[in-house]
Structure formats: structure tokens, C-alpha cells
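One chain, chain A, links the two complexes that follow: it is found with chain B in the first and with chain C in the second.
Here is the complex of A and B:
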């Protein structure tokens, strides 16, 4: 693994769109070449080196490239955009669209992330030690194709609209979530280890949701079908099993409708 | 604007039977000239093809349903919106591009004129605002008539003269170009949740059939002597087995004679014929009937068609065929917009993914190309994608590639997951025809210009015509063996001179040009009954006042008005 370190030395006046902070783009480049990569600040194109001190050359391939951003990225968007391999560590907070459209590799954020983390993700791993804002693993605005694969783990809390239009992959929120989980989802798994306020599984066609805390307000489109024991993220527990969203269309397999599942841990 | 001399190119101009002769094209101001002075700007076109600017007979590029598409599909812009070029405007979108991208992309392909194919009359101000906002290209718009209450009532009583007076009034009020029919009667039936799938299905309440509407509007059109024939999106679009209805509709043109002063000799333009050439009775046994449909078109000389080729892209469907869009959203479960336009029409919008690995999509793709290859008269068969319904207009160069190269077709066909099933349901695999540049110029320039009654201005390079001249990076004498080069050349013109102004240089936009809006002012003798009917309907039925209805002149600030004196 070749390590490239980016050290922020100047706070952008606007937010920076750093589509190029990705092992795929860095691969095969020297630190000087990396510093010359384009980033966008508003409507102008600037250089990565205008805001970051770049140290170390990248590996030959994305797989062999490790990026460490040592400093706060609260105003840096699109870190790890579309990456397919390698790794990125952010030693602080990151702004919107971290790991968006990601296909492989790993991203670890030691602080918090803003909204749209892992948007339309297809593979790889995102680990956030702090909290996430809204739209974790959701679909792009208007799109009906959300997260398709990979894993997002938020160690803290997450906001609203988690896994909207999700088709596959796993999202784990280790603390609480606000509202709208797996809205319109047609696959994938969302695990909330704390409480959720409500609107869980609205218009959900297929997929699984686990809530290990409480759902404050259940949606009327979910029906209790029994109790079940399930293994979730390394632990086994008893859950109340609901199916839904009964107001949505569902595929039929061998004449039987396939519903989405909501498992709420039994008290 | 001044003088330009395009030297030594291979000129292709079907209007004068010129096929690849090396010649110079002179431009003086906004017209092609016999010759220019020694001070003219010289463009070296040696080893390159020179054609007239393209003419698009049918695309949905301006107005409320296009805008609904833009609003409901932000994802259409994602990663497909290049940053602004210096001194030009930002471009955004793919299947429903912004107005600026629309103008720029047409110009890059060397297109000079584009017909907006369906203008809801009530919303014509919006259509004209967008047309005005679309740079470079000249445009017109076709108001929709085939579900309009006035028209249905007049035609039910066979009152062609009244129908003509009303159409003339509406063309002037909306600054429209001609008569568009969309799912005749079917869209009106949609207000009752119904449709008209055959020519004899009666429209509820109005008690008239699609056949009567089509024939009546055809007579109305020739009574007025409009530059364009009626322009019809037929009933039963997009359903397996619809080719019978298609042929029934085309047969209505038999015995009809074109009457006009615009050298137009056709009486019906049947649009996006691909969507109407379907066999089978379900999607399971869906198959091509391109040969059956094109055999008829070939022998029936007073009709024109455009292809409506499926391009295998993710796109946005939008049409005044309200019931069809409802049918589509039930098929693909994607988002749906639906609207009623009082007294006049309706519309729907649904995204659609023409996936090359879905058998039906592959068959649709093949049908569009089969039609283009079976056509015996390229002057009556035009290249379109019914933008954006079967694919975005930026794919015209790709369609040209497929029509010109069997290798390119075979390569695409072989890449399908169900290629052998597609081959079984179509004839494309067996067709060896390859279109040449002359035929392409007929299908994209001379032909559509003639069908629109604009052959005196567009589609050719004769002195006196509009100075719309494109130079493509293609060597007529040494055509590339790689079909991709054909697509590339038609995608980005080396030079495009629009009305005497250099608007594209090396594939990039060089000027915002001087776009115009074409509309038709047919002066008929005063018809007190129709005037009374109009006043009455606006008082009784419309929610807008008559005075607020017509398009203000300020919304079409660069008009090109075609005046017709119907009394004469």
C-alpha cells in the first residue's frame, strides 16, 4: 500500500467539490500530479493543491493506494466519489456525498458525516465513527435506484431518509435514527440499533429492516405476523415480525406475495 | 454576416441531384449565393462532406410536458451536465436537456430547423418562451387538434369550412405551424378513463370516430393549403399487433390530393412509425411488422413517415397520448405525471429504460432500423427518435451509423442478451442494405424540408436558399471502415453556418446565432359562426378569458410568418 496524505491548510470560502479525492484518480500519480488535480469551488475550477498539502505518491493501482486526509473536511464534498478500490481515512468530519456511487474499497471517517453518505452505493465499506446527517445510503434525487450493495456503518446517530429506494447492501446505525427508513426500498437491509421515531418502511416493496430499540409510531401499512428469532450483526435476539407496506405493489413468487419485513426487538 | 466561401468540399445536395461532386458553396449574408467576392472568408472543406443544415420534423423540445419531465427527473441531469464553456451557457440534462443544451446539441450536429411536435394550445405561451430561450436553431410548433372540442364538434357535422376557420384562428392565436393529431379521439376519451384503440372506437360524448377525425383534419389541412400536411401520432401506439390499425389509418390518405403553394405533394405525415409497426398479440410473441408497414408506405406516394428509432438509452417518454402514458407506468412502475388541458388535450410523462438486454427493447430497436432500411423513397422517410420518447435526439448520428453500416448493426445485435430471440422476431439480421450519404441527406434534410413545405428555404444548397451549411469530417471518396467514425463526424460538425452565421467551429459552439420562430398565418374569410362559437366557449367552458389566450408577440420576438391567403 502506498500512502498519500492530504493535509488541509486553507478553508475554502465556498464548499469544495472534490470528486477527485479517490484512489481511482490518484493511482499512478505522484504527489505533485495529485496536487494539480481539479476541484470545483462554486463555478470555478481550482487545484487540489490550493487547499491541501499533498505528501506521498499513490500506488500503481487503486487497490495499492491508501489516502489519509488528516484534518477537518467539513467543507469538502464528494470524497471517495465512485471509488472502486483502495482506502480513504478522514481524520475529522466530512461534508456531503462521502462515498457516493462507490463500488469498492473502504472509507473510514473518524468524525461525523453530513448528508448523502453512501448515496447510490454499489459496493465497498463505509465506516463513520460519529453521526450521520440525512439520506444515508439513499438514491439520488428523483432516481428510483438507490444503494445496491456494500455496507455503511454509522457508529452514532443518523437523521432522516435512510436507505430510500434501497435495492441491496446493508446499512447499520448503531444509535438512534429519526424518520423515514427504507422508503420505497426493493431490497437490502437496514439495522437501527437504537430507537426510530417513525415512518419506517413507507411504500416499501421488499427488503428487511431491524429495529433493536423502539419504533415510536408504527405505520398503518405494516401488519404483525408473529415472533421470530433472528441473528443481527453478530447477536441473536427475539423480534416481533411485521410485513408491509400493505399499500404497495408486491412481487409474487409461486403465487405468494413477497412483502418487506420489519423486525422490532421484543421488549 | 458577410461573405463566406466553403471551398472544395464533397457537396451532397439531393434537391439538385448532387452526390459528392467537389464544388464550392458561396454564402452572402443569410443566403446561398452564386458567387462571392475575393474578400470572402474562405473555409477549406477539402476532403470533407458538405450538406445543407439538418431539418428535424418531429421532436419534443419545448413546452410544459418537456418541463414537467425536467422537473420530475433531476436524475436525468446527474453526471450529464457539463460545466459551462467560456462565454456560453451552462448545459444540463440528457433526455430532457435544458433549452441551451437543446440548441447547442442540435447545432453541433448541424441541424438548422426543429419542429416542436406537440403544442398544447392553452400552454402555447410557455412553448414559445422556451423556443425563444433555445439558441441557434429555427423552430416551429404544431398545436394539437385531434381531441379539441371545437374540432370534434365541427367534424362530427362534417363542417370542414368551420373546422378550417377555427384551425386558422388557433394557428394565429398560438403562433402554430400546422395540424398535429395525437391519438385522435383517444386522448379526449381519456378524460373518461377510456381510450380509442381502433379507428372505429367512438369518442364518448362527442360521438365521432378516429377515422372521421383524421379524414376531417386532412380535408381541413388541404382546404387551408398549409405548408405541412397533417402530422399524426396514430391510435394504439406502442401495443403489440397495432400495425393493422396503422395501415388502416394510412389508407385514409388514399385518393386525397395535396393542395398548397409550397411544393408539398403529400397529405399525411405519420410520425414515429416504429411505435406503430408491431405484430404479435402480447409482449411474449411481440414481433416486427416493419416490412408490412413499409411496403404500404413505399407504394402510397402521398404519405411521409418518420422513424422514431429506439436508441437503447434511459430516456423520458412524454406525449399528449394520456392513456398510453398511464399504460406505460403500469408496465414499468416508474413515476408518472398526468395532466388534462381543458377542452384541448391531455399529456403524460414517464421515464423509460430501453435496456438492450430486454427482448422487447431489442425488437423495438430493430423495427426502427428495418423501417429506415426498407424505405424505397428516402425523401419520404425521415430519421427521428420521437425525442425523447424512443431516445434523445443526440443519437441521430448513431442511427445514421446503424443505417449506413451493417457491421455496426450486427455488433449491437450481437451484444444483446437475447440476440437470437430478437433475430427470430425481426428481419434486421438478414437485411444487407447500407444507406449512403446521399440517402442520409434525403432522410435528414431534403425530405423533411419538403414535407414541411419549406423546400424553398431548407434542405438544399441552391443559390437563394437559407445559408445553412454543414461541413462534416467525412471523406466521401474514402469513407472510414470504422463505423464509429461516422457517428463521431455527424455528432460534431467541423463547421456549421446557420443563416450565414458561423455557429459551430470544430464541434464547439461559436455563436448564439439568430434563431427564428416559424408560424403560419392562414387568412380565411370571416366566419361569424366560428367567431361566435369561440366567444361562447371561452365564456362557458374555458377557465381563461379569450383576451388572455393568444400568444403575445413579445414571446416570439423573431418571427418568420408564412402568410397564406385562403380566399385567393
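Here is the complex of A and C:
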């Protein structure tokens, strides 16, 4: 793996849109070429080198390229946009659209991320050590095809709209979440290890949700069907099994309707 | 002799009443009396004659006071500020005509600005739900003639849309609703006992912030499943009774307002309301409509969707394409995150409507207001440019809340030298083209209008 280090030395006046911070773009480029890549601040186009000190040349392919952003990226959007391979590590916070439309590779953020982390993700891995704001692994506005694959792990809390219109993949929130988990989902798995305030699985067609803490307000469209023992993220526990959303349309397989599953850990 | 002008449009709420009659003085300059308008509409017509109205742009001076300047100076300042900014925000347009909205789009594109309208803090979440789930809607005429079960969810038309209930939703006698109110079942879902709730046959006093849960209960019952004994503070029996009434209706109409799209969940509340409308249609006919606030707030959605493909929160800073993602490109979020470096408030009052923190952020940079009147935003602006009042001094197309276009009339002449929104934005656009040494691009219709007439030729 060839390591490229980006050290931010200047804070942008507004926000930087760095579609180019991705192993796919860096691959085959020298540090000088990388510093010449375009980034956008509002309507102006500037160079990556105007804001970051670039060290190291990239590998020949994205797979062989490792990017380390050693500093805070609170005002940097679109890190790892559409990446397919390689890895990115951010030693601080990252702004919106981290790993958006991502297809492969790995991103590790040591701080917090803002909204739209892993939007419309198709594959790869995102690990956030801190908290995430809203719309983790959601769909783009108006798109009925949300997250299709890959794994997002948030070690802290997450806001609302987790896995909206999700079709596949896994989202793990290790602490609490606010509202709207897997709304409109037609597949995929969401695991919330802490508590959720409510609206878990609203308008959900298919897929699984695990809540290891408590659901403060259960939706009326979810019906308790029994108790079950399941393995979740490396641990086995007893869960109360609910099916739903009974108010939503559902596919029929062999004449029987297939519902979405909600498992809430038994106290 | 003073003259009565009939079939005048009212520039106040989303009902966009077009049956107002206005008595105009001999010289055609003063409005003496109005008929048919509600108290607020009446006030708007009389307001244009106010002697305190500003008639010249006012520029903030270093000592903090305003000084009157000429329109040319104001146009020059605005053009230069917009060109200099990296990401200006142009926001408002609740109360202007579609011609003005179309003209500002040229300015925004040239400036690489973010173009947003009042829906951003109003029915924006409803737009998101419509993107996600469609909009099975109808016109207000259909409501008047057909609807016999009307739901008001989180809205209070008796106060916010004073003539809505008498023209369309509760009282009028229509083609199939010949008995008017007697024939209609009114269901109101509101945490408070509003004046609309007092008119309702069923008032479900919902626990605030639990709209989504109650919608889910309605849908679950409609699909024949059981629900818990109490949902969102409403007893199961009451929910079953309401669902029964809905199923028995011949035409069910759901009107929803801020109470639905601005409590927790926002777009999802509207989203599930649309799903509910779809479900009801397997039993009877049903339709849904947003209670849009201003008389032409549906206008920017129409105009900009046609021009750019999105109704609001348009980020034109990329130069090559429009980008829209409310949460990122919405006015309040941009302001709170310090993402814009110039703010232009047009035909609305961001000073009164935005969170105070958002205004504090925006105030760090140039702040321009375009509005006929003195408002909170104009008083904190660096530059206030007065324009003519649409619907009173300026004609134009407006879109009613059901997206029906209506031609509004001019009833009196505007103050001398004061331009309309469209004229002002065209001047700003021309000045921007001059400064950047580029050719202005006018729409073919516009070129046509500018072409010499037969007589001139």
C-alpha cells in the first residue's frame, strides 16, 4: 500500500467540496499531481494543495492507495465520494457525504461525521469512532433505492433517518438513535445497540432491525409474535420478535405475506 | 366617480381568492374600499396607500443609519456583491409573482447562488415526501363539488386561510355537495382546540409530535389489523370511528399544514399521509393537499422546477448543474453552518421567520432585502430595495395552493419610479452582465417583448 498524507494547513472560509479525495482519483498520481487536483469552495475552483500539504505518491491502482488525512475535516464535504477500493483514514471530524455512493474500500473516521454519511452506499466499509448526525445510509431525495450493500458502523450516537429506503447492507449504531429507523426499507439490517425514541420500521416492507436497548414509542403497526434467540454482531441474546409494518404493502410468498422483522432485546 | 374593479386576486394566503372587488379613487391612485376580502386581505389592499412606505432604496451607513440612494446605485451594489460572493443565498418569493421568480433565476444562475423559497421553512418537508411518495392531489374546485369527508391535519384554516372553509372545504354547496356543511363530515386532528377543531364533527386531540404513530394506526386499521388500546393519546374506539367515517365517505379530502410537516419526523409525517391517501383509495376516492401559506408560494415550485428541475433549495454554485439536497442546501442549514457569504431576502421576512441564530450568522455578511414594506428583515439589512406590491400595483401569474395558475390584476398605480420585482431583477442581471463583460441571455418570449412593435418599425 502506498500512503498519501494530506495535512490541512488552512481552514476554508466556507466549505470545501472535495469530490477528489478518493483512492480512485489519487491512483497513479504523484504528490505534486495530487496537490493540483480541483476542489470547490462555493462557485470558485481552487487546488487541493491550497488547503492541504500533500506527502507521498499514490499507488498504481486504487487498491494499492491509502489516504490519511491528518487533521480536522469539519469543513470538508464528499470525502471518499464514489470510491471503489483502497482506504481513507481521517484523524478528526468529517463533514457531509462521507463515503457517499461508495462501492468498495474502507473509510475510518476517528472523530464525528455530519449528515448523509454513506448515502446511497453500494459496498465497502465505513467506521466512525464518534457520533453521526442524521441520514446515515439513507437514499438520495426521491430515490426509492437507498443503501444496497456494505457496512456502516457508528461507535457513538446517530440522529434520525437511519437506513431510509434501505435495500441491503448493514448499519450498526453502537449507542442511541433518535427517530425513523429503516423507514420505507425493503431489505438490509440495522442494529441499534442503545435506545431509540420511536418510529422504528415505519412503512417498512422487508428487512430486519435489532434494538438492544429500549424503543420508547412502539409503532401501532408492529405486532408481537413471540420470543426468539438471535446472534447479533458477535453476541447471542434473547429478543422479543415483532412483525410489521402492518399498515404497509407486503410481498406474498407462497400465499403468505412476508413482513419486516423487529427484534427488541428482552429485558 | 370612484370605480369598482371586480375579479381581483388577493395577495395574502394560499387560497388566492380571485373574487375580490376593489373601489378605486377617481385618479386611480388610492384604494377606498374592498368587498369579499377577509380582514387580512382587506388590510393588505389598504396598506399600499400607507404614507410611511419607502419609495427609494436605503443603504446602511457606517454610523448605522439608513441613507436613501438611487435605484441605479442599489442595482450596482447588489450586482457587485453577488458577483464577489463565493456562495450567495437568494431566499424568499412567498409574496411575488412568477415573472419575478423567473427573472431572479437568471440572476441566481449568473451569481452561482443558492436559490431557495419560503417552502424551505414551511412546506419543504412536504416536497420531500412528494419526491419520495408522489402527490395524489386535486384542485380546490373538486373539493368544493365532491368532498364529503374533510380531514384537517395540523392546520387551522379558520385563522390561517380565513376564506378557505367558506369557499372550498366546509360550507360551500357544490355540484355533488348540494347541502354544504350539512353533508360534510369534518375530522380535525390537532393537539389544540382550534377554531377549526370547534367546527369539526370529530376532533382527535393528538399528543403533540406523534402524528406518524396515528397515521400508522389509521393505515393498520384500514388493512384490517388490530391496534393498541391507545395511540398518540387517542383511544382505539375514536380511531375506529374516524376510519369508519372515512371508509363511508364518497370523496375524502386530507388537508395538512405546519402541524403535520413541522413536528418530529417532518417529511415522514406527510409521506405516511400520502400512503394513507393511497390506502383509502382502495375503499373510496381520496385526495390530499398541502395548505400552502402565501398566495404564490406554489409559484417558485412551478417556475424553478420548469427552469432547473427542482422546486427549492437549488444550489447553482456548481456552474454546470443544479444540486438540491435540503438539509445541506436549505436556507436555515446554510445559515447555521456559515455556508453562505451573502444573503438576499426577497418578498418575505427572514428577519421574523428565521431562528435568531441563523440571522446572527447571516448578519456577518452583506444582507440585502427586496420588499415593498418595512419589515424586520429590511430594518437589519445593509440595503433595502422597495418594489411594487404584486396583486395591487403589479399584475402577474400566481399559483394557488392546488397549483392552479391565476392571473392577478393591477388595481392602482405604484409609486413613481419604484420598479416591479421583475424589472429590478432584470436590471441587476443586466448590470452583472456588464460587469462580467458577457451578453445577457433572454428567453425567446422576453426577446419578443423587447423587439420593436409594428408601429415602431
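Here is the rule we use: the second predicted complex is superposed on the first by the 267 of 267 C-alpha atoms of A that agree within 3 Å, B and C clash if a C-alpha of one lies under 4 Å from a C-alpha of the other, contacts with A are read in each partner's own complex, and residues count from 1 in each chain.
The definition used in the following text is that a contact is a pair of C-beta atoms (placed from the backbone, for glycine too) under 8 Å apart; a residue touches a chain by one contact, two chains touch by 3 or more.
Bear in mind that the values here come from a model prediction, so they are computed numbers and not experimental data.
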Room on chain A for both chain B and chain C (clash or fit): clash
Touched partner set for A:13, first chain B, second chain C, both or neither: second
First, second, both or neither for A:261, with chain B first and chain C second: neither
Chain B versus chain C as contact partner of A:43, first or second or both or neither: both
Partner chain(s) touched by A:141 [first = chain B, second = chain C, both, neither]: both
Chain B versus chain C as contact partner of A:87, first or second or both or neither: neither
Chain A residues touched by each partner, larger count belonging to chain B or chain C: C
Touching partner for A:184 - first (chain B), second (chain C), both, neither: second
Candidates 332-340, 368-376, 386-394 or 458-466 of chain B: the single one with C-alpha clashes against chain C: 332-340
Contact residues common to both interfaces of chain A (with chain B and with chain C): 40, 43, 140-142, 144
Residue ranges of chain B in contact with chain A within the complex: 72-76, 78, 83-84, 333-335
Touch list for chain C against partner chain A, complex: 85-87, 111-112, 128, 131-132, 210, 212-213, 216-220, 222-223, 225-228, 231, 264-265, 268, 271-272, 275, 279, 317-319, 324-328, 337-341
Partner chain C, residues of chain A touching it in the complex: 13-15, 40-44, 96, 115-116, 134-135, 140-142, 144, 160, 165, 179-180, 183-184, 198-199, 202-203, 217, 219-221, 223, 245-248
Residues of chain A defined as touching chain B within the complex: 40, 43, 45, 140-144, 249
